[in-house]
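Heads up, the next two complexes both have chain A, just with different partners, chain B and then chain C.
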Partner chain A sequence: MNKQVLTIFTSLVILLILLLLLNISLGSVYIPFHKTLTFLIGKDIGHIGWENILIQFRIPKAITAILVGSGLGISGLLMQTLFRNPLAGPFVLGISSGASLGVAIAILTGMSFGLAINQLGIGGSWILTVSASFGAFLVLSVVILVSLKIRDSMSLLIIGLMFGSATGAIVSVLQFFSKAESIQAYLIWTFGSLGGLTWEELKIFIPVIFLTLGWAYTFSKSLNALLLGDNYSRSMGVNIKKTRLIIIIATSLLAGTITAFCGPIAFIGIAIPHITRLLFNTANHKVLFPMVIFSGAILMLFCDIIAQMPGKEYTLPINAVTSVLGAPIVIWLVVRRKDFSKSFSG
Partner chain B sequence: MDHNPCVIELKNLTVGYRSTKKVIPVLQNINVNLQKGEMVCLVGENGIGKSTLLRTLAGIQPGLEGQVIINGKNIEDFRIQELSKIISLVLTDRIFAGNLKVDELVSLGRHPYTNWLGNLTPEDQDKITWAIEISDIKNIREKPINELSDGQFQKVLIARALAQDGDIIILDEPTAHLDLPNKISILKLLKDLSDHTGKSILMATHELEFGFQMADRIWMVLKNEKFISGVPEDLMLNHTFEKLIQHDAVNYDLSNGRFSVNHELKWQCNLEGDPTAVFWTINALHRNRWSITQEETNVKIKAVKIKNHFEWILSTDKKNITCTKIEEVINSLKHFQHL
Partner chain C sequence: MITGMSGKMYKILLPLLMIILFSCEKENKGQKKKETYSESGDQIDIHYASRFQLIIFDSFKELKVISPWPGSLDTFTYILQKQNFQESQISVGQNSIKIQLPVKSMVCFSTTHLPYLEMLDEHEKLSGFPTTSYISSALFRKRVQAGKIKELGPSNEINFEQLLALDPDVVIAFSMNSDLSMIKKIQLSGIPVILNADYLEKHPLGRAEWIKFMAAFFDKESQADSIFSIIQSQYISTKRKLESVSIRPSVYTGVVYGDTWFMPGGRHYGSIFFQDAGADYLWSANQSDETLQLSFESVYEKAQDADFWIGVATYHSLKEIQQADERYTHFKAFDDGHVYNYIAKLSDNGGNAYFEEGYARPDIILNDLAKIFHPELMSDHQFYFYEKLY
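On to the complex of A and B.
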């Protein structure tokens, strides 16, 4: 790591800590910043209500934001390198479409059996999580089976896109035959949410994301080789099919788990790898990897602060906020660094 | 007959493509050897299957029939990691990572040797430094690859292949898109490598003139004929080479190994004088479809050297014209073309 990279890295760490504190201290209920700090270093703040809000709601949400940002950023990076395509993201293989299909079936058909999932409370959120995981897993299994059959990665990208369109169409058909309130329940799920996770759910969410991120870091070497394309990689001893398979599995674990718990969160996965590449001007995955994790966490915390509209009663859909805030950042970086497109061409 | 050990032996090899329904052979029944330290040019017209053959030899694509034997062992019995320590490639594939730096790209050549994280040992560093120095890219090692010229980029790819440190380097058209000095410098670099490092170099190329000057051996693929292997000069003298360039637009002079464009000549004239001036005057006359003949014609040109410049005296039945440039000669001749 050279000096410039180190400087940016240090600023990222400081920014992350600041945003984390800010994220926890801000919300619809006003809690003084110094009280939040006091609470975080383990001291009593003498206000049960505030303590409950912090423990039960704000801290889990901040942790979720960090994991979602990092996880989606890394899945985007994995997909962009695997497909050597700047438009690839965590969901190009149809993971979110699969999850949407699962949830759509659960909500839209469940309601016709007289089950109102949003009225089931905690149990309802588990049903959504399970059906999203199941849908994502189903679509993904098909994609993985296909990936074992075909030789080149580009065909796989197209097949993934086709699956996405097909499942999207099935969801449309389901919506067409559904009642207005079921459609609304489904729409709310598609807005995404960081706030819904309980500590029980975090007990699954945290280790899955952490372990998968650690596992994915061990691909850095193969990912660097993949930058040169399938032929060169093979000639350097990379087993393409095996590498492709583990990249797909890791991406699915990250993006699938996140979608299951938080809904389909768009944009972050595509944008974060670009932002990181532009900031650090490198293609080396050993450097990109930690940077993507940090940038992803930072952007997600920031978006969440905006989404919860400090001082207001309501929160904006996180899915909209990420795109509204993220898009100008990417546009600004691309315009400022005119050689952006070159990081994807020879 | 062979003094050197063979690094690649091809036995009845057929290469091509296999789909679920049919088998499409591209090149059939190839029997040829690549020796240690040899530089071989693989020549043949576009689309005849050179790249397919190279990919099969490199183990990227399976052969259809026959055997590829690398260092005495069948290629199918190699693990992909083992093979990568013997054969390295320079391909025409585009690389979609323009912000990759030159030394990072060269370092990727150490991929087969590094640990699971790809950390470079001092030995790896030494190999990278050696590869960068011998390929003459030391001055650009910090640059991102999208800032390189085509010639520099080709050298970087060769350096990467060298860092991979196999006994065999296979290159697919390494001099395509390069200007003349760069073409020659790349070929010279490869020739020096095979001489000094004992690496065997096999490249597909369309550089017939330079290839035949520098290669130890030519592998030639001709349509509807057997795969031919031989020392360039033998292929010249037994007229095999001419089959490769049989085309109406091309003239080939076996006496000096030169190619020229086949102009369809229409008119005749006589030419004599200073040899250097005559040489270039012929060049210009041919391009304008005038041939030179020994028989008497009514257009005679005499090129004379006067101090530092040349003059041409164009004489016809009617008049004499003195020209100071070939351009003037050509323009004056146009007048007679319609006669």
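On to the complex of A and C.
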């Protein structure tokens, strides 16, 4: 088993490095592969335009893709484990709904909230990030308060769904009274974006995602116990309330930060944990956790390569690619493995 | 199991499909039926606009609007009846819509329709407008404040009862797609709705020529013709002046939204403006008349050394642009401060004259652009829609 896991890990790492190189070297603008490699090992390639494209556009985008893929994959895994439900994803707690509401208020109410932030000296690109984080945080606080009161995870799931519906309704009402250009700006935000992050934003994005992923990994054992049911977990000495709170906070930090910076990225969060479980046939979080991180990063890099349509000037919205590509993979895996539900028990 | 399922689906879907096919056919028949007229008419000269035709007969006018939304293959026929009109004189398709002239009150759905009313001195005929806060014209704003133009709510979901209470002689609407449900609903209540497609014209002068469309409702065709002739000759004279310039500065436009930079194609009216203003639009070789969806890096590759960056959405200053995305500062035009935007005429409520008056006055837009690219040739002209960002 250990040897097999090691082989899988090695192949995932090799695949990740390959896709990372491909992702950086492919794009609308043609840059020869060997020039990209030369640049990456720190040598001069004698073309300032290409160097700028690599430093300012492609490398930040590749880093964002890796963090978004792993972060959403882990959020999805945490939620599916917490609710012991294959339909759960990073956004079931209403995090993306909260973020959307924050962004909708900022964009659709004529940026009056955004303007206030602007006057505090925070730049334009931060307006959406700050409002999304604020919205996500608000919903999260309510969910945490509720989770302290009620014991049943299913109730939390329903509350998350209700949040989604309620915020969706508020966003529609806001849209109803908004200008066409504001609605367009909001809709474009909902398409998701990996290329919008500059180094300035990555300075915050990288540490938040890294630290949260590391912190969540330390609870793998408790996660394994949760899958076997609350009573069993208690008998194993797992503090269910505490674990649940930690899962919620970690998911909110990951999904909330990602949504704030990149918009709601569809499907990856639900698909990645399934793909990983089905491909590697394990429910052990100690193994699953790093595998989800790698698979998420790999799939996101791959989706981004397609969205960039190498060689063409045009781009596709990343959300369209993740859903179109992710759905058939999950369907194929589920059909192939008829005992799908078993992958949710230890 | 699977065949059983699809068999059942087939049974459910087949009647549904038949109904859809049948109803489509019925609609097509109605539209294909040829109009026959017992008198002969004069076709109004239209030089640039491609989406409408107007023929004037003794007792009526036939107004045709051709493919009024992107991808549409439909032609809509409207019969504007003069006072001496008699029903027996024509036989028209059942989808044709009849309007009694002269029009005494009108509701428009787009700010682009308004300048024509103002130029024809028929602004008092406008009785209602959806989201009046979009209007930038001072003349119309005064009338809104005086309560003479009623607010009809957002244009995608207008206040139907308010519209019925106004009971205008005609509604001038537009559609972005084939969903005409709201328009049909208004028509069912007895108010004729006419589609306007000015926003789809591919030549700047084509948009301005829609003044002739609007004039038909007020019997002001000759006035519209002379107004358009002046605009046309001013546009052409600026264009001629710039044809022989030896240096054509390179230019690009737009900003990135999400991951996509929206850039007019080479046959787009935006591209025609730049070329007529004596500039070298970097995407002019492109054959599309639509807006291209480009990646940031491909725009950067092509436009990093361009001389001018014209039209930057809602940004008001270079600092705002830099704060939105640091990467904009790597463009030479940004470094040189050669960044201009069409925000010189913003009303207090956020309406932008560029998207209203600009449609009807391509000659002014061209003069503004020409002054940006070749100030030495345009010293008499003062900026109207455009201003430099600092």
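We adopt the following convention: the second predicted complex is superposed on the first by the 330 of 346 C-alpha atoms of A that agree within 3 Å, B and C clash if a C-alpha of one lies under 4 Å from a C-alpha of the other, contacts with A are read in each partner's own complex, and residues count from 1 in each chain.
Just so we're on the same page, a contact is a pair of C-beta atoms (placed from the backbone, for glycine too) under 8 Å apart; a residue touches a chain by one contact, two chains touch by 3 or more.
In this text the structure is predicted, and so the values were computed from the model without any measurement.
Undergrad: With the two structures overlaid on chain A, would chain B and chain C clash, or do they fit side by side?
TA: With chain A as the common anchor, chain B and chain C both fit in the superposed model.
Undergrad: Using the touch definition from the top, say if A:N224 reaches chain B (first), chain C (second), both or neither.
TA: first
Undergrad: Just chain B (first), just chain C (second), both, or neither: which does A:G195 touch?
TA: second
Undergrad: Under the stated touch criterion, which partner chain does A:I306 make contact with: chain B (first), chain C (second), both, or neither?
TA: Neither chain B nor chain C is touched by A:I306.
Undergrad: Should A:R84 be classified as contacting the first partner (chain B), the second (chain C), both, or neither?
TA: first
Undergrad: What's your read, chain B or chain C touching more residues of chain A?
TA: Counting residues of chain A touched by each partner, the higher count goes to C.
Undergrad: Just chain B (first), just chain C (second), both, or neither: which does A:I204 touch?
TA: The answer is neither, since A:I204 touches no partner chain.
Undergrad: Check the residue A:I144 against both partner chains and state whether it touches chain B (first), chain C (second), both, or neither.
TA: So A:I144 meets neither chain B nor chain C here.
Undergrad: Mind working out whether A:V324 is in touch with chain B, chain C, both or neither, as first, second, both or neither?
TA: So A:V324 meets neither chain B nor chain C here.
Undergrad: To the nearest 10 degrees, give me the chain B-chain A-chain C angle using C-alpha centres.
TA: With chain A as the vertex, the angle is 130 degrees.
Undergrad: How far apart, in Å, are the nearest Cα atoms of chain B and chain C after the overlay?
TA: Comparing every C-alpha of chain B with every C-alpha of chain C, the smallest gap is 26 Å.
Undergrad: Just to be sure I follow: which residues of chain A are touched by chain B in one complex and then by chain C in the other one?
TA: Looking at chain A, the two contact sets are disjoint.
Undergrad: Per the contact definition, I'd like the list of chain B residues that touch chain A in the complex.
TA: 55, 58-60, 80-81, 83-85, 87-89, 91, 93-101, 104-105, 108-109, 111-112, 114, 116-118, 144-146, 153, 164
Undergrad: Could you please specify the touching residues of chain C with respect to chain A in the complex?
TA: Interface residues on the chain C side: 131, 134, 154, 157, 256-260, 292-298, 300-301, 304, 314, 320, 322-327, 330, 350.
Undergrad: In their shared complex, at which residues does chain A touch chain C?
TA: 27-29, 49, 52-53, 56-58, 110, 118, 123-126, 176-177, 179, 181, 184-185, 188-189, 191-196, 198-200, 263, 307-308, 313-315, 317-318
Undergrad: Any idea which chain A residues touch chain B in the complex?
TA: Against chain B, the touching part of chain A is residues 84, 218, 220-221, 224-225, 227-229, 231-232, 234-239, 277, 281-284, 286, 339, 342-346.
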